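Down below are the structures I want you to see.
In what comes next, subunit A is part of two complexes: it sits with subunit B in the first one and with subunit C in the second one.
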Partner chain A sequence: MIEMFKEWYDAKHEYAKEWKEKTGGKVMGYFCTYVPEEILLAADVLPVRILGSHEPQDVTEPHIFGMFCPFCRDCLAQGLKGRYDYLDGLMIAQSCLHIRQAYTSWEMHIPVPFSYYLPMPNKVQSPRAVPYLKGELERFKKAVEDWTEKEITDEDLDRGIEMMNKNRRLMREAYELRKEADPPMTGLEAMYMAVSSQTIEKNDHSDILEETIKELQGRKLERSTGQRLMILGSENDDTKFVDMVEGCGSTIVADDHCTGSRYFWNDVQPNGDRLLAIAERYVQRPPCPSKDWEVRTRIPHILNIAKDWNVSGAILLQQKFCDPHELDIPSIKKTLESNGIQTLFLELDVTVAVGQFKTRVEAFLEMLEGEDLF
Partner chain B sequence: MATTDSEYWRWKEYNWKDPEMDWNDAEFITAGVDVGSVSSQAVIILDGKLYAYSNMRTGSSSPDSAKNAMNWALEDTGLEIEKIQYVVGTGYGRVNVPFADRAITEIACHGRGANYMYGPSVRTVLDMGGQDCKAIRTDERGKVTAFLMNDKCAAGTGRGMEVFADLLGIHIEKVGEESFKVEKEPPPVSSTCVVFAKSEATGLLREGWPKNKVLAAYCSAMAHRVVTLLERLGVEKEFAITGGIAKNIGVVKRIEKELGITALDVKLDTQIAGALGGALFAKALWEKQQKAG
Partner chain C sequence: MATETKYPTEPLKCWKEAKRLRMKYYEDYAKAHEEGGIRWCGGAWSFDAVPYGLGDDVYPLTGEPYAASIAFNREFSLQCLEATEAAGYARDLCSYMRNYWGSIILNKYAFGGEFPKADFVWQDHICCSHAKWYQVVSELEGDIPAYSVDVAVGPFEAIDENRIQYIVGQLMDGIDWLEKTTGRTYDDKKLIEAVKTEFRSTNSWAKICELNKNIPAPLDEKTMYSLYVFAVLSRAKKEFADFYDTLYEEMKDRVKRGIAAVGNEQARVMSDTQPPWGFLSVFRYLEKFGCISIGSLYSFGLAGAWEVKEDGTWEPKTTPMERGITINTREDALRELVIWNLAKPEWQHFYSPQLKSEMMIRIAREWHVNGVMLHYNRGCEGLSLGIAENRLALQKAGFPVLVFEGNMGDEREFDEAGTMGKMDAFMEALEVKKLVD
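And then the complex of A and B:
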């Protein structure tokens, strides 16, 4: 069952096109995981996160600055190359400048019938963030209703919330298994699992996920676990990189990425006022660093993950030029190292410099193991 | 392998053995082979003591470079490769050393090698290699405790210096000395890319700058670049430099000046640090393997 996630990761466009054909429904491409998918699911719209393809490209130069992060350029390139030509809608929830540029450029150059900019508050720590977002969600719900020409009822919202919450619960259950001394899945498998959950219809994904969790009970991998590592930082769906790291004699057992645990860490807590409950969930989720101020809540959160999953080292990954993440690196490094967790900092580009990275990763593992050489 | 007048970049390739030592008396014979991006070395140690080595240019094939370096180190010793109990491969070509028992990164090997060459008081090692440089912190055994490696550019590296030796027509082994023959230290050239630095230098020559002044500007750019790497890591004394650039006083003195710390001096060839570290790891690994039965 677990192989299904890789298939979905590789064939996300084919999946979305088939879904559309089968259901006659609309597909919404979204940037950034602050987009409240509950409302889209309530309207029977399929939310599909826009991701890059990790290939060198030359189509975004006229549209996006060279010193904007490789991820936002890679995303825009997918649009310009027509790989998301099946989208009926496009949206973003306000997040960092770079990904907003990808969104606005896409909207300008690749016409879609519906597009929406959701002003997700950046200062999530403000007491006004939840009421503000609730108001914005009301406007967004109305816009979706006008677009789909169908009312979204409370029952629809409950369905959307439950689809999201169920998938989140299952993802957390799967991640729990990685706490075992010899985790029953690799970090690569976990990445396929988490990233595919952002592009595949939630019920489909949850069905396979439920089966997978059963299979994982008592599954033994034919490889030694080696050093237990955590990865954290900017958007990261780079399976080649993860595969290389695990090939050097380690297992990635945890993460703090928007393509990983941040996506499903907390649920919507139903409280009667559905939009308020959704607003609370997005305001209170483990934050993206662009929203984590003035108190840096990410740092203790990351340390807790590192401890709970018992890692010996953490790889701090940053998309090149990703300022919000770079700003956090010194404090994350300091906090982890003062708690006995060694760190390795690496900068991601569209393609990974495997040779250079491999030397660093191997040297890092030698540093963690070490004693056998003396 | 004679130097011709037009090959200013060509540094001396050679082999060496300790005439006082005899491998027949040794209990442990181990070796390290460092196949770097520019140069390759093979080092053979007897019971943990340096016995023989070679230092030569890396060719287009890593396995051939490893074999050539090893054969040259073995030359005139009477020792055969089969008698070497354990070989560690290191450097860029570490996984392509056909006769290696294990591959270990050049970062770990330089830390260990510097510990042997400079003594256990070394805490910070700067390895200035052919196409990258690494700042390494070590403990009293030469075990790496932290490291940083430069990214995406060869401006602070040996190959960059070779390009400059060629451009200016000054032999690579004289570059350091020559760079001090200036009235006043010029501002550094741009330090992010060898090709850009070279274009800038061409412009300066055209403006009438003497060669030595251009060289001084390049040495200082290179020093500045590695000092920023060192400062990111944090420098703790004692401080040592390994790799080919450690032989270039034009760069070394400028690094020392900028850091305010003097680098340790050594009689051994700084280019063999990686292979030497590999040979020392090979001994530890062989002994463990023997004990484990």
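And then the complex of A and C:
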């Protein structure tokens, strides 16, 4: 069953096209995991996160100045190359400026029938953020209703919330298994599982996930666990990189990425006011660094993950030019290292320099192993 | 080669006063504690009217103009940038921020002496770096208290009550925070006065810029940089608003008498984003071609308040006082302040490059420019946002565009000779001949 996630990861476009053909429903391409998918699912819309393809490209230069992150340019390239030609809608929830440019250029040059900018609050630490976001969700819900020409009822919202919550619960359950001394899944498998959940219809994904979790109980991998690592930082779905790291004698057991645990860490806590409950969930989720102020809440969260999953080292990954993560990494590095967790900093591009990175990862692992001796 | 100029020129009468006021601002901040006053730091876009409710002895240090002052001094700037990099921060982050942090780390104030640490941070947040910049400042200055206001609620054209109230609410909370942090009682009358002063100063700056529609233009952009700064140092400061009134009168007089900023004006360009502060000589180089940079969305709209009038022209925004709105309470003042700021031209492009392109094309047409110079500014992700799309839109609208890459605050990323070479080619493309070697 677990192989299914890789298949989905590799064939996300084919899946979405087939889903559309089968259901006659609308597909919404979205940037950033602050998008409240609950409302889209309530409207029977398939949310599909727009991701890059990790191939060199030359189509975004006229649209995005080269000082912006390679991920946002890679995403836009997918649109310009027509790979998301099945989208009916496009949206973004406000996070960093970089990915916003992919959205605005896409909106201008690859028009779709519906596009929406959701100004998700940045000051999630303010008591004003939840009521404000609730108001924004009301506005968004109305826009989706107008687009789909269908009212979203409370029952629809309950269904959307439950679909998301169930998938989140299962994902956390799978991640819990990675706490074992010899985790029953690799970091690469976990990445396929988490990233595919952002592009596949949630019920389909949850069905396979439930079966996978059963399969993982008692599963023994025919490999040595080696050093237990955590990865954290900018958007990261670079499977080649993860494969290379694990091939050097380690297992990635935890993460703090928007393509990983941040996506499913907390649930919507249902209450009478559904939109308020959704707003609370997105305001209270582990934040993107662009929203982590004035207090640095990410640092204790990351440290807790590192301790709970018993990691010996952390690889700090940052998309080149990713300002929000660049602003957090020095503090994260300092905290982890002062708590006995060694770090390796690497800068990601659209394609990674696997050879050079491998040398650095091997040296890092040797250092960790050296520490084990003493 | 020309020896006589086409138009009369003369120095600005209020130039010395501008210099004096700017230096006094930085000295007042440094000396604030000597008389028991308060020092706060924050960005040039922070709601600076609000801390004035704490008293008349409250002095701000706004980060962007301070960092630009550092950048102007290339030697000191390099020391600051390297100190920040040594502290572990990436070289491609906002160069204002890196210069500012370096000044704290080195404990050197650009205007002499040790770096004067603030009593608290009062910031806002619209680009990814704003509140994060001052999160680090707070840490570097010994965990001083920090409060930042999120203003990123979408473009002004899509504003609604929920969006306004989100910001007003944060400012209301912020005033409670200011009282607790400083132990002072907040005075709403001082707030109302400061808010009205902000409306006046930002409206006046726009009126000054509007006069550059005239041919010849009375003010060149390099000089403008030394004058617009007051609206980003403290636009709610009465002294600065009064200065703008004086400057406006002088500008009107220059227009009336046909006084030109560039005596041989024969071509007009506009720029975009912050200039490379260590290399303002590139603007003087343009003058050798009789070419004037009449301004930009940046220098007009970073702090200036504008709106589209009924006849379709882009003109200074009518103040709430001129519209007969009465401001009697804290809530009134904050609400009007928020609405006024949300309309700020330089806040619109954060949501779509199209909004910026429309304003740029409007400026290009109404200020009669021949071409546009876009500074692809590696030092500022906020104002470089969407700049490539702006280039396409300007070209589509029929304006020749020169692109030069650089950095407002990191001299290592600016090629002065290469940029001047590009300007030569651009002038040739505009069919403008060099008048002076």
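Please note the rule applied: the second predicted complex is superposed on the first by the 370 of 374 C-alpha atoms of A that agree within 3 Å, B and C clash if a C-alpha of one lies under 4 Å from a C-alpha of the other, contacts with A are read in each partner's own complex, and residues count from 1 in each chain.
To be clear about the criterion, a contact is a pair of C-beta atoms (placed from the backbone, for glycine too) under 8 Å apart; a residue touches a chain by one contact, two chains touch by 3 or more.
Please read these numbers as outputs of a predicted model, since none were measured by experiment.
*Asks:* Going by the contact rule set out at the top, does A:79 touch subunit B (first), subunit C (second), both, or neither?
*Replies:* neither
*Asks:* In the superposed arrangement, which partner chain does A:52 touch: subunit B (first), subunit C (second), both, or neither?
*Replies:* A:52 sits against neither subunit B nor subunit C.
*Asks:* Decide which partner touches more residues of subunit A, taking subunit B and subunit C as the two options.
*Replies:* In the superposed model, C touches more residues of subunit A.
*Asks:* Applying the touch criterion given at the start, work out whether A:324 contacts subunit B, subunit C, both or neither, answering first, second, both or neither.
*Replies:* second
*Asks:* With both complexes superposed on chain A, which partner does A:367 reach: first (subunit B), second (subunit C), both or neither?
*Replies:* First partner only, subunit B.
*Asks:* Under the contact rule defined above, give the subunit A residues that sit at the interface with subunit B and also at the interface with subunit C.
*Replies:* The overlap between the subunit B and subunit C interfaces on subunit A is empty, containing no residue.
*Asks:* With touch defined as at the start, can you tell me which subunit A residues reach subunit C in the complex?
*Replies:* 61-65, 67-68, 94, 96-98, 100-101, 104-105, 107-108, 117, 119, 121-123, 126-129, 131-132, 135-136, 139, 289-290, 293-294, 296, 320-321, 323-324, 326-331, 333
*Asks:* In their complex, what parts of subunit B are in touch with subunit A?
*Replies:* Within the complex, subunit B contacts subunit A at residues 92, 104-108, 112, 132, 141, 143-147, 149, 151-152, 281, 284-285, 288.
*Asks:* Hey, which residues of subunit A end up touching subunit B in the complex?
*Replies:* Within the complex, subunit A contacts subunit B at residues 347, 353, 355-356, 359-360, 362-363, 366-367, 370, 372-374.
*Asks:* Provide the residue numbers of subunit C that touch subunit A in the complex, in ascending order.
*Replies:* Residues in contact with subunit A: 87-90, 92-94, 125, 127-129, 131-133, 135-136, 138-139, 146-150, 152-154, 160, 162-163, 165-166, 169-170, 173, 350-354, 376, 378, 381-382, 384-389, 391-392.
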